[in-house]
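Presented sequentially are two complexes of subunit A, the first with subunit B as partner and the second with subunit C.
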Partner chain A sequence: MTVNVLLSIRNLKTHFFTEEGVVQALDGVDLEVYEKEIIGLVGETGSGKSVTALSVMRLIPQPGFIVDGEIFFKGKPLHLLSEEQMLRIRGKEITMIFQDPMNALNPVFTVGNQIAETILLHNDVTYKEAFNQSIELLRKLNIPKPERIVNSYPHELSGGMRQRIQIAIGLACQPALLIADEPTTALDATIEVQVLELIKKLRDEFNTSIMLITHDLGVIAEMCDRVVVMYAGNIVEKTDVKTIFKQPLHPYTQALLEAIPYAEKKKKSRLTTIPGTVPNLINPPSGCRFHPRCKHAMKVCKTLKPMLLEEQPGHFVSCFLYSKNKEAAESKGGVFEPLPDRIIY
Partner chain B sequence: MKGLYAYIIRRLILLIPVVLGVMLITFILMHSIPGNPVAYLGGSGKLPPEAVEKLVKIYGLDQPLFIQFFLYLANLFQGNLGTSISVNPGANITDLIVTAFPHTVELTIYSAIIMILVGIPAGVISAKKRNSLTDNVTRVGALIGVSMPVFWLGIMLQIIFGVVFPIFPILWAGIHEPAVKVTGIYLIDGFISLDFRTIVDSIMHYALPAIALGALSLSIVTRMVRSSMLEVLGEDYIRTARAKGCSENATIYRHALRNSLIPATTVIGLQIGGLLGGAVLTETVFAIPGIGRLITDAIMRSDYPLVMAGVLFIAIIYILSNLVVDVLYAYLDPRIRY
Partner chain C sequence: MTEPLIQVKNLVKYFPIYGGILLKEIGRVHAVDGVSFEINKQTTLGLVGESGCGKTTVGRCTIRLIDPTSGEVYYNGENVLKFRGKQLNQFRCNAQIVFQNPHASLNPRMKIKDILSEPIRIHKLLPKNEIEKRVLQLINEVALEPSHLLRYPHEFSGGQKQRIVIARALALNPEFIVLDEPTSALDVSVQAQILNLLMDLQRKFKLTYLFITHNLNICRHISDEIAVMYVGKMVERASADELFDEPLHPYTQALLSANPVPDPEAKRSKIILKGEVPSPINPPSGCRFHPRCPKRMDICDKSEPPYIQIKPGHHVACYLYSKNES
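Presenting the complex of A and B:
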């Protein structure tokens, strides 16, 4: 695989300034997307996966702002670009498809019109050419009867078909990066497989890098080359897909994997869950944000914030259980004793 | 499209029971008000008792109520609305309505222009710049517009722009008569006969009443467009549009506007329907002989046939404007099919 970095995010902090207080949705996110790879972002609801994606697109809804950090795309600093410069990147270089295909398409325009619009926005073509290109695009995506489909309105199509149309819109200008925010969550299982197959095919045919956001570890295992595990606005673990399933290091990742139900498990065993809930990000826990729910929590976890360090080659973990963070913490006087008075069960 | 025509025909057929119901209720209401039209005429002492008796016979007022009602319906279905008792005794009611209605239509045209051309952009801009100074000014303005009584605003406009700064005429009367009178609407007749003076006269004479009358509808439309625009701007497909690379203006005017006009169309349609039914207060303040004044005068004088005809006419206009709204809906929103 090539090792050219397409997108690199450094210490990204996105906060929402609500009336209740500042929601620290992203608290220093570091990640990179290589060319032609599928990278998975996984985590619970509220862990900051979508906010990361929207920050890259610079489409964070009010009252959210990128307060710190850098985003480089093909060497261009996205966090410094003007709104006009961003317009030329959105939809052309980086595109995004969204979770709910029912609402993601404009109900009053035909789908052909909506695909053609993207082509028209970024290419010097006439509307008719753009419209014909969108028929061609649908044909490439193996959508049956593209001539008929382009003249349909979104409400006339099924959920899976609408999601394919969204993908077509996303690919209309052959972007370098496609961000798919839970693209199959709203679809049923058979359609999900088809849509995922389609996304996978695109990487091979269009050489597009794909950032796949999901909370389904099965989708990750099926699709991704590398995985980023997020928790409460932080990246807790980052490695390739095989390692994450064979040798997860962070206690949160381990807990996530234990929570997957297996058909062959004994019937009477109860479903494993992670105790507690995702913390309130207005007043996040001090130190490691996972410590209140972690079974290995130590005093140091409450006082110091672990860093995302390469504990094993290509395997980044942010946890004091591992040597590099441990060394760093010891030099700062962290205390490695179990936390007393913990009632989490 | 075929379904649309069938739908329109179905709706037109539905007009019949609605009209019958309206007629019955109006009839009962009119006759439960004490006094009758002949008493009004006779009470003034201008008519000798024999004449009153004769009139009672002519108008069938001595018959039982249900017979009067069926007689009325029988006449109605022969296209005969009857003759007025009070306003201009013996005048054909159809003629009275045909004379009065164009003035109401003309007033409605001007008010609707104000409502649509000011209300929609104001709502859009207000939503676009939410919580800014512009938005707050628009919102307060709309609130004032909704709360202000029409007659008070009319009188204030007369005082300010008719008396203190005599720019506009205070009353309706005195519009230059165009050479060709086809519609009875001065503005349109002015254009037909290419009479510049009539056009200017029409605009000058209708400016104040249209502002007074339009202020309320304008405010309602502004508030409606603003709120539906804000709702639409929060939809997922707006985010999709932005993710495509649409600029802020393209997002708002191409993707959001048409969607947010769907609920606003209802309000605009009903407002126009209401305006066409006659704006009694405005017509009174500015002495416009429109349909609203015709009917209120008739009610004051217990002029049964004129009231019945007027209410019937307004009901039909209202239902038709509702129908137009429904047809527009299908055009604006492809999800709606009839």
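Presenting the complex of A and C:
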């Protein structure tokens, strides 16, 4: 099986120029999405998962700008396209579904109308054909009574159903890439499974690559082929899903995995915690952004910024604990001693 | 040790819906419809269920933030709903609540010092000159620094705010705390800190918790007993281990199988329920789970299954397990 790169992001930097200062939301993100894969972006609030997705869609809200970096989609440089050219890609080649389905749908139009709108915009069809296509689409997504659903308004539908409508809108033009930004966070457990199963099925039926953004490692384990772990605007680790759970290398990934209460773990035992909180990105820590909370922090972590290097085949990590980064840092004169007197609260 | 601190018997709470020109009552939300349970001293009862199943309403009724439509709540053997005046004030000291959203639970115009001392002043628990000492002690309990006392809530992160809310709940030396989704607004790494803190405090101050959550993993971690609710009814209650190892009710089984496990190699058969959670305004007849139940029988839509004890400490409401299917 040959793997083709669908989307590649190189050294992406997105900053927000606010009154309080420049928020460095993304600080050099390198990422590629292959065809027909589900890639998971995982991280805490403010780690830059959503900003990465919005940068790809070129939908960054004011006052944010892509200040550096390249985004290539099927060889096209998305970061250089005009707004008009971008309009032809959004909704047709790359689509996005959002966390809150109520705010993503227009309350004054029927859902059939909203699905047909997308089809009409990108294809040479009449409204009637587009509307019929939307019924077909809902049928493909196993939505019961599609003829009735298309004529209902968003407020008449439940949360899970609205999320499925959003997915239908996203798939209306059979895009090559679907970005799902926390698609199930607003849903209940039993509905969440339904929606996740649906997304999984899509990859097989529509041959769509899916970028799944979530903070739930359980969802990652069940859905994804590859995982990207983000922390404070950086990618700290990137590898396939089995390795990330079996052999996490970066201290942040390790700590994150230990911090989740597992149903199988012995109850009432103490959870391992990560001290401190996610840093403020207006004034991020120097060097490795995780070093103030890291239990392995060394002097070099404060002075130099680790790079995302391939430590093992297919396993990228940005940490000075591992050979590739160590060599690079030694040549620059990094000091590998534990950091003295750190205050963690 | 095993005597119950809180006993809830047949708790019912309906919320009226008003509509029409004359704003008459046109319907009722059956938020909680006959729920019974007890919580033993110094233990944690985890209450799980999907949104709209009435978990929060149960939590609020047990500490009498809202009065139930019918049913009884006993605290140390005394009927909470009959408390008046001084007795009620005393109960307010003994039972506290921590809400889901720490950002909305703190008054943005008050300093942390004032937020923590307010309950002590209102209940006149300590003379004025000792309040400061108590506040310092509280802030230490939740692992914050004394310098934080002079700040305002907006200067803190979500996890720190939740610590402040917990400190405020502890201010009156309560015996019983309702924790209403205390970690759902927090990040994973901070969530672990708060859970550890809650468990430490429970041991130290001999607290009893009612822990309301929709996250089964967290629930198993912190709870001794778990109760599962579905559309206003309690469907199953058992010790945490037993519920996970041997779930009896089909809804519990589905809920457990839907629980995402952070292990990509875990092979599990998933029970995917069809349909949506029914509306509590017009709940299904008979067993409320029957329209989605994979093991439905004829009797399920006709009459409500009784909530019975199957094994010691394991209660379930399902006709699969009741002997007399009349």
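Going forward, the second predicted complex is superposed on the first by the 340 of 345 C-alpha atoms of A that agree within 3 Å, B and C clash if a C-alpha of one lies under 4 Å from a C-alpha of the other, contacts with A are read in each partner's own complex, and residues count from 1 in each chain.
Criterion: contacts are C-beta pairs under 8 Å (C-beta built on N, C-alpha and C of every residue); 3 or more make two chains touch, one makes a residue touch a chain.
What you are looking at is a predicted structure, and each value in this text was computed from that prediction instead of being measured.
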Between subunit B (first) and subunit C (second), which does A:K332 come into contact with in this model arrangement: first, second, both, or neither?
-> neither
Across subunit A, the partner (subunit B or subunit C) reaching more residues is C
Report task. Return first, second, both or neither, reflecting whether A:K128 touches subunit B, subunit C, both chains, or no partner chain. Result -> neither
Within their complex, subunit A touches subunit C through residues 44-45, 158, 160-161, 188-194, 197, 215-222, 241-242, 245, 255-257, 259-265, 267-268, 270-275, 277-278, 345
Listed in rising order, the residues of subunit C that touch subunit A in the complex are 50-51, 143-145, 157, 159-160, 187-193, 195-196, 199, 214, 216-218, 220-223, 240-241, 244, 254-266, 270, 272-273, 276-277
Subunit B residues touching subunit A in their complex are 235-237, 239-248, 250, 255, 258-259, 332-335
Within their complex, subunit A touches subunit B through residues 57, 59, 83, 87-92, 95-96, 98, 100, 103-108, 117-118, 121-122, 153, 155, 166, 169
